[in-house]
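Next up: the structures, one after another.
Next come two complexes, and both contain chain A; in the first it sits with chain B, in the second with chain C.
Then we have the complex of A and B:
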């Protein structure tokens, strides 16, 4: 029972390949981020005529799309192999096909960004028009991720067949839910790229319906955020309890929250388009309501985490209202980094509620507040959780152990990240409230008094960005050590058990036909009428612009 | 067996008062942030 369950070596190789690409993307994308904050401080200019927007696109694509997708799929492959058994040769083969499609796609996309043919930012909004190679590369990344998703589904189906009337392992269930979410939402981005943007950039059609393309993008773009977040929740629900020596508060609650994310994270894209004309306010309202519904599973998660920590602390004799906090293993980076990620999700979630409210969005829309917001959600909550996971996942897969010195460095890394992000994201939030735009290089806007007010905040962002880049160097040192230089040995892949007092998980939790049916129904309700409206009342469309 | 424990009187180990306090604090923070930005919106009307 207590014998250490290891991920099969062949599966480990597949997972590690993904994680290596993810951390290479972190290094390159992080460097681009550092340069951006320096440019925006007004004290630094990029050499050799490199455009700010090329760097900005590199940063967004490498960190928002490549780091995340590769880490998530690598982590999920490892988690599924660990909890639902070693992959068949066929599943592993398709896993590698997915990996190479994504890697080749990333290389093509990166090439066209770096030669300055695709400075369209990671949202690639029309009418900004990139080289067709940019769209083609992104298509390969998405198709590769689909192949990997189906490999996970096939393995899950085999497990279900071999274990009739049994509830699947929690981590496998969560990976399946996340890949269903990804598959359903990425249909939107595939549609806009293949039907609209690629033919338009190839010159096969002259004009593009901008509103339709933005709507399809945000049909994908918001659930994308949850595709990033759910693997962090996998770590919080199913792994962190084991690391601290506790139990999962409730398996059913964890699964229910994932099902609710599947329902409510997709039909909500309009809250990114609240300021756009051409969408009836009623449908914006419907999607705002659905957006607030998606806060519920996050609040459930917060409750479950507090409860897990408190139950553990009290089992160790903690007293008082918050005495249990003292019992947590603060010196263990595998716990500390994800915990800090959880704490940062509180201001991140609060900002999210602001962004999703129609009137409040008028205060913050397209300001750098939004950039500050997703540097709390993705670049702190999710990324610190991924770092914390990598501290045991990489040595588990590479057959090594983390030394005390590396653990200490990982704790320092987390603290460095907190300091850097507090400076950077904090000043982005405040500067945004003063009206400073996002997605723009340094400018004093003709020395307007309002724009001059923003400069101190931009200097604070450069300070924060520099500290964060030091954090990136530290994590790269740690990961390189864990992958290639740490002492050989066996590291545990921690998977928590459910608390004894918890109710049994009902089998109905895995009624995927019903869950997918409800998901599709909600999408149709939220999108059908406004989408028909956009097409029937479409303006002539826009030709492409290359503003670089 | 699980149910027996659930029905039993809350012992020191089952005490979730800290969790209750934590979720209340979290809720207050969310409301405070929302109201602060809403106030800014009203001010700028």
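Then we have the complex of A and C:
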């Protein structure tokens, strides 16, 4: 066995800084989530006139934007440094610039939410108008992430220059693909915030075009979820095989799936706007077709994962159709947590197809079914994979080792999460089918018999939410231990190798100009005509409202 | 690029399913008219009270057993707050907002629309069963969002 490859200590510090912020956000955002489920059960009220919607905004921003973005960028910094070599001082410097921009931005945004000046939820739909500081803070977060993205691109470019005619390391390739996706999509949210919302909230312009703003938001909003998901896929494709002792099924297919995600995750925002006036239904259907295409790389991923597991199990002598399942390292939290995440992606993905289907979406749009859906995708599949990755990443970066006791606690944490989420997300799905709205405080809607039927489900959500909060406390204990208290030692950063006999990866896989060209072409096809329509047939704009 | 035989079978099956789903959605939408609410009519959001038909919100008979229900949403109420509809009536609901974005959902039906300033949204539905339906706002609109509700009574 080769000497263990370590992430450089200075790069480790940069990655760890991101991960600390992510887990602080998890604790605070999780507390907000707990309070929401308690309020909505109808049995509790928030003290001291704290608004449900302030808490809801806090929850969405901290968990949807801060936890994810910080963990992802920290993880990618570590993965790129590990696989493409230590950063230059310049790349690391810009990495820190990105970190501080994002952190200061988060602090500003959080401040204006907590003083009640920005209860606009994390989607901040105009013409609800937040304090300019809210938009400014978010801008800094996005700009910071761009700086970090370019730091990764610069490091990748240097690697390519130093290794002519070689295929880049898989994890580095994937991080680059994910940051390109992020850059292309976040242009949309930057446009609406900088051109529309910030000047409007500062009083420089009186009115805003609401539909254009929403469309730019959702141009960003759907790829955002793939920006969350792809790092989980990085762990599944390139790291989990090593943890179980297996090999990567196919390097080329892994890269191909990431390229397909780049193509199809952006020109699909209308499936969030299916119930919306002002958009011709033909263009909604075009984007629904593209939305379904994005399921293809996920189908490929599912195949690759189970192929890896089965090949490994059979190499250990497993027989029968499912004998290989018994050979998997169920007692290893680094495998168990991401594996559970994968399993939950099966119902989560099926639910996603429901949401993207015109007629079915009419039943579930803006009901709590949707909340249930993304608590499977983001809050289970992605988050459990991130937890599973943190169990080796944090000790690797902090120069410590995970003890058996902590590993056992991590297994328990995963099971707690499964139980809590089954209660919470399950009852959200059922309640949504009965018509209960998302993003709403407790209400019986004037003792409507239909709304009274929902209360048992809301109590189940409070039970689930409480169990999940226990899960958050457990993971925070584990992470704190791994970062500061675990025994000193060397922990491996697992990076899998490609299976013998797998075909060599063609260099053409890294033809970024072509991939970005196709991405832009698909975006133009899906958006140009409806967007021009929106602007040409625009109604009078809207003044800002502060209705909370 | 080489793709394993089993993976080919899996992908053909999976992609095949996706195309079947898309065909069902497409036929339902374009051939049978089950399109999502996508009204293209615009309106000045500050002049809703002066713009017909929203200057007189309510139920209007437009034909034999056909009706228009014109509604106005504003923080945090729907006007009218109570509507009686004769059983079997085919009703086209038109709705717009005077302020922020609202949602218009009739619980237990597939009537579900975004209501956005500057636009009218519209959906047609035949009410076959008598009973009371709850209308609620399902898009966050401010502190009183969860109090925003109305009723439809379908009567013989």
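Brief remarks follow.
By our rule, the second predicted complex is superposed on the first by the 547 of 548 C-alpha atoms of A that agree within 3 Å, B and C clash if a C-alpha of one lies under 4 Å from a C-alpha of the other, contacts with A are read in each partner's own complex, and residues count from 1 in each chain.
Basically, contacts are C-beta pairs under 8 Å (C-beta built on N, C-alpha and C of every residue); 3 or more make two chains touch, one makes a residue touch a chain.
The shown structure was predicted, so the numbers you read here are calculated from the model rather than taken from an experiment.
In the superposed model, A:42 lies in contact with neither chain B nor chain C. When both complexes are overlaid on chain A, the residue A:303 reaches chain B and chain C alike. Once the two complexes are overlaid on the shared chain, A:346 sits against chain B while remaining clear of chain C.
Residue contacts after overlaying the shared chain place A:245 against neither chain B nor chain C. In the superposition on chain A, contact is made by A:506 with chain C only, not with chain B.
Taking chain A as the reference, the larger set of touched residues comes from C, when chain B and chain C are compared. Touch criterion met: A:311 reaches chain B, while chain C stays clear of it.
Once the two complexes are overlaid on the shared chain, A:450 sits against chain C while remaining clear of chain B. Of the two partner chains placed by superposition, only chain B is touched by A:321; chain C is not. Contacts of A:276 after superposition on the shared chain: chain C is touched, whereas chain B is not. Comparing the two complexes, residues 299, 303, 307, 353, 357, 359, 362-363, 503 of chain A contact chain B in one case and chain C in the other. Across the interface of their complex, chain B is touched by residues 299, 302-303, 306-307, 310-311, 313-315, 319, 321-325, 346-347, 349-351, 353-354, 357, 359-360, 362-364, 433, 500-504 of chain A.
Chain C meets chain A in the complex at residues 1-4, 6-7, 10-11, 14-15, 18, 21-22, 25-26, 28-30, 34-46, 75-76, 99-101, 103, 105, 107-108, 110-122, 132-134, 136-147, 149, 151. Residues 51, 53, 119, 121, 125, 127-128, 210-211, 214, 250, 252-253, 256, 273-281, 284-285, 288-289, 292-293, 295-296, 299-300, 303, 307, 353, 357-359, 361-363, 365-367, 434-435, 437-443, 445-446, 448-451, 503, 506, 537-543, 545, 547-548 of chain A are the ones that touch chain C when the two sit in their complex.
Within the complex, the chain B residues that touch chain A are 1-3, 5-6, 12-19, 21-23, 26, 29-30, 33-34, 37-38, 40-41, 44.
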